[in-house]
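Look at the two complexes coming up: subunit A is in both, with subunit B in one and subunit C in the other.
And now, the complex of A and B:
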């Protein structure tokens, strides 16, 4: 990194280091951001991207290192200080207040004391001028994730920052919404603003970013011009080695295969005022196929998963059928005994008990289905057998851990996910339902999980995958259905599906589909 | 007619301490802090108010002492839960136990002594108007404070930016912190305000309601105030309604018992609780509004990640 101040750099970071306990999250990071550029920050989950931007925004304090703003050394000790300098941030996990209106949310981050009514008008004007329409009086709890992100962006723009940090902004958007965001970003760039863009989606980085800094394990491993790189060369820089491509063998004879998971006219009232009702969902998943469910987060996927897994029971027992038997009113354990397996979205608290060891977590989910193996006479746990099985899964899924049998919470998100998916795959279930299988999992491990799901299907199981990651669904699915506002579209066979078609459905282009019945293709 | 006016006046006197303590706790809970120590802060206010009034001969100094006592006592809770991030439920419970014990010890020499009573308002002509005169212009000063306080808290929470900030902290302290809002400072101020209110409510008991010192004289009113806040779904005017319903049924059943109507007295004594719960549940039927008004981060300790 050149250390000279030529005046063109808005932000210069030198030797920034952050240590959490024994982990060095950021290790002597150097970064330059010029005026009027879109700068990408690339890296796997856990590479230190979020820690770095939190230090730039003042919500974390660095252990050592220097930050220069317009050539002057600064210490950013609080978000308020960052704002004063002219740094704005759009968070990955939104920092919005659900019980307040959009205007109130925006007002909270402005310090000028102007009345809320004038903020509402300003926000409306600004949002329309950037093509991000927004109703300032709506309650945030009622808005979709895409709309929430608009509030974050408008809130950020109202502070007229010089540098805008966006943390994985497109992970929750439809392709069309993402296009709109890119237009906004390009417009901001032409106004001379700088943008630090964090993403793991390499195609979009290639498309809009001028320069890129790549992080791996907390260190800068390279700077490049993303337009001159290929997606796979960028991936190699991030991961450090070649990522294996997922292979999807053709699914033969599916047309005549038995449906193992049937969803019939599944409806559900909203459980809380902020959740989505499910409306007459019909779907068949046959032996040997992978069906993907796409959709912007918060369109009922969570509610749908709960109904299918049995976390919430259905009134109508026939609305969920597993291997030809009604299961809608049966508990999770009974559904598991029928041959189904479930991987929920939340790892800690749903997929695993955080403060229990991996082997104990294995026993918790499989004591019923594998009673003979794991539980001996008189209900005594065969801890040797459980431990051995846990180790088998750890090896099969390449789970990286610090102790032989650590607590679930001690694993990184990606490694815990590998264990949870592996725990269910190890049973070779006839029906597998997974919600967000590779969310926050690094590229190598994600490829491993995806391949395992395809192979499970090809060995004769029915696999249903709910995911926000369209690339993932196109990689593994034989057909993709889209969930929008509690309704599920007809599954599109993968040969007919395109990003554009799925994107339109995600945005709600096909409002009603009452005519849609049981058949899948 | 005079009897009706007298009954209405006793209802107001019964409802006032509940209202003040509950309004204070409402502000605390809106900031996301659950302080179960209301009973303890109230009794400390009662003993402090009585003691200062008795020793100086001025009930007004007693009033200020009651407020100060509650505020200082709540500071103990604030330091524990906010700076040291202890469990709020356990800390609040121990604050109540400590307050009950400590006040008993401090008050041993006050037992049986005649106390100073805050004089009722008297405005010539206005107070002498039949019926409404005494209701509107002839009550004790704390009654007027309680009404003004309710209106002020309503205005503060829903019409000012600071109030909006306080509510946002109660909704999500992590989001508030990310925006650069000083979560801990706001919560300190809210807890101290709640303590001052509880102290004032206690002072009402020992300076107006029964101007004397009796051990445990709060008799569970702090707990009722806490319950009122929840049943009123954290909205000031509902707290007002709840406090007055409770007061009205309380006074009503006392009169019923005095008449000797053939209903077990235990049942009559439980009526105020039942009636308040039923009414407040009925007006809180709107799930959506309740959800919007419930502080989502209530009771969770906040430790900024530094």
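And now, the complex of A and C:
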């Protein structure tokens, strides 16, 4: 039962179907990956990409359909078996122990009992030959996200796979680091290895991928050559209709507007050995503007967010000021009452309690600000009013769900994010601080969220957006600052900002460098 | 090579969540039958003596209520702790301190009589239990100690303190040297509900009222929401602006006060004086009650009655069949074991890791052979 029409196919998938309850996550998927090609897998969130990949990697078993590997029918029942066949995977979220060295982490996954020193030597040799320099003896906790990804890639390559699956690999990289990764991928392709590349960044798919398979609602909607497509035609295939472009009206009179959020000489010692200290951060966000904070993940954005939100209090009350009043020593509840709203990066377990209903999750951040509406005498929750407000947000943000008031964990990531952002927008806050507003959110919903943030600013609020997605920041920000190793650069007005300048700052170029370009510009 | 692994189920079965206590009860029955058979007793006969006879007459139902009252009172308080993911294991000690604090009034002021005495005693009992529970709360919030250990160890301190009191400073001088305090005067005794029918006292009413109030707190009030958020996802709770340290105190003080109320109700109602031992382990059994009742106050009322029956049944088999009444403890232990076991299997399934890998490899080998065969 081999693939008789094309002997060069490394992997052939026919009619692969996976059903969860009433949902058909993957519906008769066909996919061919030739030897020595980089094949893109495109699709919105919830289109079935992850389910498909999990079936290829053996973490899920298909309900029906066939997989052919080098022309032979196989059943991949476990990740161990996928590795034996020659399928390697680099996950979007790394599974590394921070307190161990790179080599020790690699040894853990190899599971063949070879001594650490020989693994380290192999890893070092491999990393240099692929242009991914890596010191196997360094502690993972000390490494940047880009370097951690290299460990994952090297770990995968050490198993000499024929097919490498990469899940959104550039989402955590600076543009320069991404360039490096692309060189490595091209190198692997020239050696005859195949790569299945999952991404939502259409420009990079166009740049490095030979073919693309587009999924929508669990079905293959097309195979194409991404080089012959435009980014918008690819997006149209993914979404099924035209994605509305975000419109950013000019921000008039910002120069004279009042700063609503002021950060003054904010410093914070690291709370754990692996967290980043904040060093003398200064920033003003004025009424009517959107300020973006770019940066590679793990450079202090999380710590900064916690400090601004008030989940962690500051020694110096004046280091965070909201609407002209010192807020550094005030709790997150008081800061909310002063008019601020916050959306954290993690949705489940931080922005929302996974096992609680959406209406309860609405109460989570608004029990104090909307105390009169949601809480009656004696602290009784007015569940009717909360439910009605939750439904209002669900409609306003087009949150798609399976039940009237489901548990947060039952929603897809993108839909939950729409709800969490909508929960705060519904208040029309004077100050809005958002960490990764559209991480893992599909294109249509992301445009919706971005537009809403711009409109909130234009209606007179101050909006601060922390994001790893540079495209997003360039789309919505009036100025972009870069966070690197706990320091924040001066905001670069959007008219002067380029990918290159921001990328250099993200990679740790002197903050003075940016100031210099600012002055000469 | 082979290893057991718990794998989280993607979905919990609502049906089995609801059935879990009943399945656990059934499994306890099966294990109990084996136990009785091994002891050389006909299990059916033993079950009748254990579970049916102790509740076949009205006065016996009153005895059941007396035993169930402290269990329910303590367990509804503990349910708030456990929902908040705070592990108060020391309710037994808080129960004893409640008994001691409340008894201070009739013991130290035997001449003080009137309608004020009882309310004051109950209040003192609650303060005593809450104050004693504040110790592990303070240690946890200040020094990050594990509240399971500190609250448990304080139980033994409380037991020995009570023992010392009734043998030493509080001993009845006219008591012929027996280690007990004076009998409380009439206005310090918790009245019986229906003196003609049986001995059950107002403690059972307190238990039912507490269960309803805690149910309202947990399901209707913002405070109950705070408990549930902090217990299920502490980081989301912090984002909501709820303080974890404040919650530790709230949960400990509330459960301590209810255990203290149970303690003074038991001493003042069922016993009438302080003795070296005032509890057959109510504070520990209440942990089983809380879980058997699914941490739901109304479920806890039912579970409290079931566990009270295990006490009565233990006494019954001792007198009828000559089996040690420790068998009650065995039943309680098995019940908790099966409840937790059922709950675990609802959330997780068991996987044999070594075998799964071997199976995968076998399939890998089998695939080409299959093809050849065809």
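Here is the rule we use: the second predicted complex is superposed on the first by the 500 of 521 C-alpha atoms of A that agree within 3 Å, B and C clash if a C-alpha of one lies under 4 Å from a C-alpha of the other, contacts with A are read in each partner's own complex, and residues count from 1 in each chain.
The working rule: contacts are C-beta pairs under 8 Å (C-beta built on N, C-alpha and C of every residue); 3 or more make two chains touch, one makes a residue touch a chain.
Since this is a predicted model, take the numbers as computed values, not measurements.
Novice: Between subunit B and subunit C, whom does A:349 touch in the aligned arrangement: first, second, both, or neither?
Specialist: Once the two structures are laid over each other on A, A:349 reaches subunit C alone.
Novice: Quick check for you: in the superposed arrangement, does A:96 touch first (subunit B), second (subunit C), both or neither?
Specialist: A:96 contacts subunit B only, not subunit C.
Novice: Could you look at A:367 and tell me whether it touches subunit B, subunit C, both or neither (first, second, both, neither)?
Specialist: second
Novice: Is it subunit B or subunit C that touches the larger share of residues in subunit A?
Specialist: Greater contact footprint in residues on subunit A: C.
Novice: Is A:275 touching the first partner subunit B, the second partner subunit C, both, or neither of them?
Specialist: In the superposed model, A:275 contacts neither subunit B nor subunit C.
Novice: Looking at the overlay, what does A:107 touch: subunit B (first), subunit C (second), both, or neither?
Specialist: After superposition on chain A, A:107 lies in contact with subunit B alone.
Novice: A:485 contacts which: subunit B (first), subunit C (second), both, neither?
Specialist: neither
Novice: State whether A:78 touches subunit B only (first), subunit C only (second), both chains, or neither.
Specialist: Touch partners of A:78: subunit B and subunit C.
Novice: Same subunit A residues contacting subunit B and subunit C, which ones?
Specialist: Shared contact residues on subunit A: 58, 78, 80-81.
Novice: How about subunit A: which of its residues touch subunit B in the complex?
Specialist: 58-61, 78-83, 91, 94-100, 104-105, 107-109, 113, 116, 139, 141, 272-274
Novice: Provide the residue numbers of subunit C that touch subunit A in the complex, in ascending order.
Specialist: Subunit C reaches subunit A through residues 10, 220-223, 225, 228-229, 232-233, 235-241, 356-357, 359-361, 363-364, 367-368, 370-371.
Novice: Over in the complex, which subunit B residues touch subunit A? Could you list them?
Specialist: Per the touch definition, subunit B meets subunit A at residues 161, 164-165, 167-168, 171-172, 174-181, 287-288, 291-294, 296, 305-306.
Novice: Under the stated contact criterion, what part of subunit A meets subunit C in this complex?
Specialist: 1, 20, 58, 72-75, 77-78, 80-81, 84-85, 309-311, 331-333, 336, 342, 344, 346, 349-356, 360, 363-365, 367-368, 375, 378-381
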